[in-house]
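Okay, so chain A shows up in both of these, paired with chain B first and chain C after.
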Partner chain A sequence: MDDGIVVETKNLGRRFGRHYAVHDLTWQVRRGAIYGLLGLNGAGKTTTFRLLMGLLRPTNGEARMLGLDPQRQGVELKRRVGYVGESPCFYEWMTVYELFAFVAHYRKENWDAAFAKSLAERFALEGSKKLSTLSKGMRAKVSLCIAIAFRPELLILDEPTGGLDPVARREFFEGVLAEYQTPDRTILISSHLINEVSGIVDQIGILHEGNLLMDCSTEEFLSKVKVMRLRFAGDPPPHFTAEGILRYRVDGREGRAVTLNYCEGETENKIKSAGAESVEVMDLNLEDAFVEFISERKSP
Partner chain B sequence: MFLKIDTSSPTPVYQQIISQIKYAIATGALQPGDRLPTVRDVAAENRINRNTVARAYSDLEREGAIVGRAGVGSFVADNPPAVRSRTARLMVSSEFDKTLAKAYHLRLSRPEIEDVFHERLDMINLPERKSKE
Partner chain C sequence: MKLFYANTIWKRQMRSLMETALVLAFGSLLLGIIATIFDKVADIGLSVDYYFPDKCKSFLGVALMIQVLISGILLGSEEEENKTHSFIFRLPISRTRWILERLLAIILSLMIYFTLLIFITHLIGHLNHIWHLNEAINTSLSQIFTLRNVLSAFTNFCICACVASIVKKVLPAAISALIVIFIIIIVLILISQPLPDMKHGHNYYPEIFFSAFQMTLYFTITPLLAIGLFTLSISKREGE
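== the complex of A and B ==
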């Protein structure tokens, strides 16, 4: 299975009643990527992940994870893919170490007990504490331990830091990066907390109302989405159009516009030909770029 | 050596890493032969992708600012003073560019800008330094 494609979907769709939570998704994630599936709440991210893990049956289309069919090869899939969801479900009466032993039973071949123990120590988890006594942050760390202690090739993180305080969120990602990430492993993470993952993800996909609107490297996305300040000889006109320019509005003595297809030199020339005197291009961070991009798609 | 990466800044992360390391070399905070933190440690502490750090390190290596020794780590190269001085001049030039752009927007004339510059230079009382070759 070595074309380097770790996650693949073809026309994947899932309907609930008459509403398509995921619509005709054709998508690939390559080995070694840290891929961020971004989108607003309700965009379809969790549904997508549940389809990928075989927890939901698709209405149409198919998915392959490490070449495996989640519907027919679910058991093997769960042995090779680590998964951390938003609200981990445990047997609350177990202690941390009892949970480890329980999970180890299902991951016999690759479970590394010594590694699991060192992870617990790294996260300051007391092995003999009952899971029911742990805080949210500690529960997330327990989930992470059991997800990576068997060194899976693929790690799925579905809004893993939901409800965690800032310290716990940082410790979670530090743990992922220090203890798990290597060039031959792939991480697929979904989040609506864009800036939190912006340093980590090198590939992004933007899901909106069940449709994949963007699928490219983080760098490419940031090179294309820009905000621009336009200056005119006189007062800025109330309306202004040029090729590729969106959402122009007057902002004091300047005009402000957005482009989703910035091309250095070319974009400025088009704007100047359309009547602006000067253009200042502003770089955006991932969250701001995401907001500009999605604002274009949202119904007014 | 402490790197502080701001992932919510519009400046790309790999560029922040490169700038901060070059700055540390130019100020002497990092000396030739000093060992840089590992890719893994930088990535984990700042919660950024290891590939991004690796890329910054490899760019720095290509520029000759650092040297990678397989299995051992990355080290600051033996930068001669001329190279440090050139890096320092480039960094100060780009800071000047930003200030000059601001001065232009604030409609200062050229003589006014020169005035302000000399005034601040006199104020600061820089210790005498031999100019680098």
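== the complex of A and C ==
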């Protein structure tokens, strides 16, 4: 996998009972990307990450990260990949610095003690404090420190900022991740706080009920999903259809339409030819675009 | 090669081992006392000729085996209860090495446990000798603090611990507690069949008497429960 692909899955699936948490996932992530895996709760993001880390066995299909098979080459893989899970569990009796020393023991080739210490200071973590006394947010910070301090080639962050206060979240995204990121390092991130990651992710994938519905650059996604204000000669009609329009509703004296496949000029023309007098296209931020995209597919 | 329980873990692990050994030693001691009380009750003719812990004195081998398994489970309890295995498995350490090092820790715990047990036994015996305790107490103490007695009492402790741990994993606490109590009662009833030729406290060896059921219970069910739980504890993977 030297062609710049760091994550590759082929028909990867994981079933719990009768329910597929991840279903036939065929997916690639390029080296250097900051990839945001988005989805509603239960979409399969965490399961995907666990399959990639070799923490779960796939029901079908295969996965490779950095050219390694997570099931057979798990130790080598974990040597090169940093992973922050949803709810970090540690030895509660250790202090923060004792935990660092413990992790450093297993990552001694790459562990950067000075960087770890600077991260702890940045996050205002007291090294002598026992982990059992730390709040959820502080534990999340510890988890981030030990995942980043050995400067892994690939960093997987599963809801990394859960429990962090807004200041710490901003510090993490704008300070820590920015410092960590270099062209040869890749970050996979899932977060329900989409607006926070929108500024940093350059690729996104949208998972829904275990299926990958979208895999493109953030720019491309934002250019496709648009909301349009439609004005009509009289009152807006209660129902309106035109090619490319996914949803329509009356919003005061205007109509509001959503398209998931916007094409500049062409979409406006189609709407106008269907009866609208004018069309005003509004840009959406990533969170709004995601909500518009996913709400069509949500189960009732 | 440095061990998994190396560095900072090691100090804590040793402390944990000592704590485990102490808890086990005193747990056994308590059961030994109960055994002795049952002995006394039986001796004064209250027809209580079943005394659950005392009857297990013959099963030294089983007690030893279960001791090994339970020590492992107790040692692993931190990993299980705090889900720290999910943290460990994110580090570059192979499962084989992890299991081997845990087994090593079990052996260490076993050694410490027996050392403590023998030490306490001798200490009490010595104090007893120094203080010239009266005959009754002397008899009781000598009964309580024989290694076999304590170990056999511990066997029962192990059965309860095994069942409780297994049930705890799958059922809510209240139901678990009821089931455990129920199982303990059943086991007590089943084991309490009178042993016609056995004189309390004098014969401890297997050739005296084994009912087929007792043999089945101790040599099959108990180790199976313990091995099952141990396998569960070491094979557990995050999310599975």
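Here is the rule we go by: the second predicted complex is superposed on the first by the 294 of 300 C-alpha atoms of A that agree within 3 Å, B and C clash if a C-alpha of one lies under 4 Å from a C-alpha of the other, contacts with A are read in each partner's own complex, and residues count from 1 in each chain.
Just so it is clear, a contact is a pair of C-beta atoms (placed from the backbone, for glycine too) under 8 Å apart; a residue touches a chain by one contact, two chains touch by 3 or more.
Here the structure is a predicted model, which means the values were calculated and not measured.
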Mind checking chain B and chain C on superposed chain A, clash or fit?
fit
According to the stated criteria, A:53 is in contact with first (chain B), second (chain C), both, or neither; which is it?
second
Between chain B and chain C, whom does A:144 touch in the aligned arrangement: first, second, both, or neither?
neither
Touched partner set for A:7, first chain B, second chain C, both or neither:
neither
Quick check on the superposed pair: does A:219 touch chain B, chain C, both, or neither? Answer first, second, both or neither.
first
Applying the touch criterion given at the start, work out whether A:37 contacts chain B, chain C, both or neither, answering first, second, both or neither.
neither
Could you look at A:228 and tell me whether it touches chain B, chain C, both or neither (first, second, both, neither)?
neither
For A:195, using the defined touch cut-off, is the partner it touches chain B, chain C, both, or neither? Pick first, second, both or neither.
first
Quick check on the superposed pair: does A:285 touch chain B, chain C, both, or neither? Answer first, second, both or neither.
first
Name the contact category of A:181: first (chain B only), second (chain C only), both, or neither.
first
For the overlay built on chain A, what is the smallest gap between any CA atom of chain B and any CA atom of chain C, in Å?
26
Spell out the residues on chain C that touch chain A in their complex, using ranges where they run on.
2, 6-9, 12, 78, 82-84, 86-87, 89-94, 237-240
Mind listing the chain B positions that touch chain A in their complex?
5, 7-13, 40-41, 43-52
Residues of chain A that touch chain C when the two form their complex:
47, 50, 53, 55-57, 74-76, 78-79, 83, 85, 88-94, 98, 101-103, 105-107
Complex interface listing, chain A residues touching chain B:
32, 34, 170, 173-175, 177-178, 181, 183, 195-196, 198-202, 219, 222, 282-288
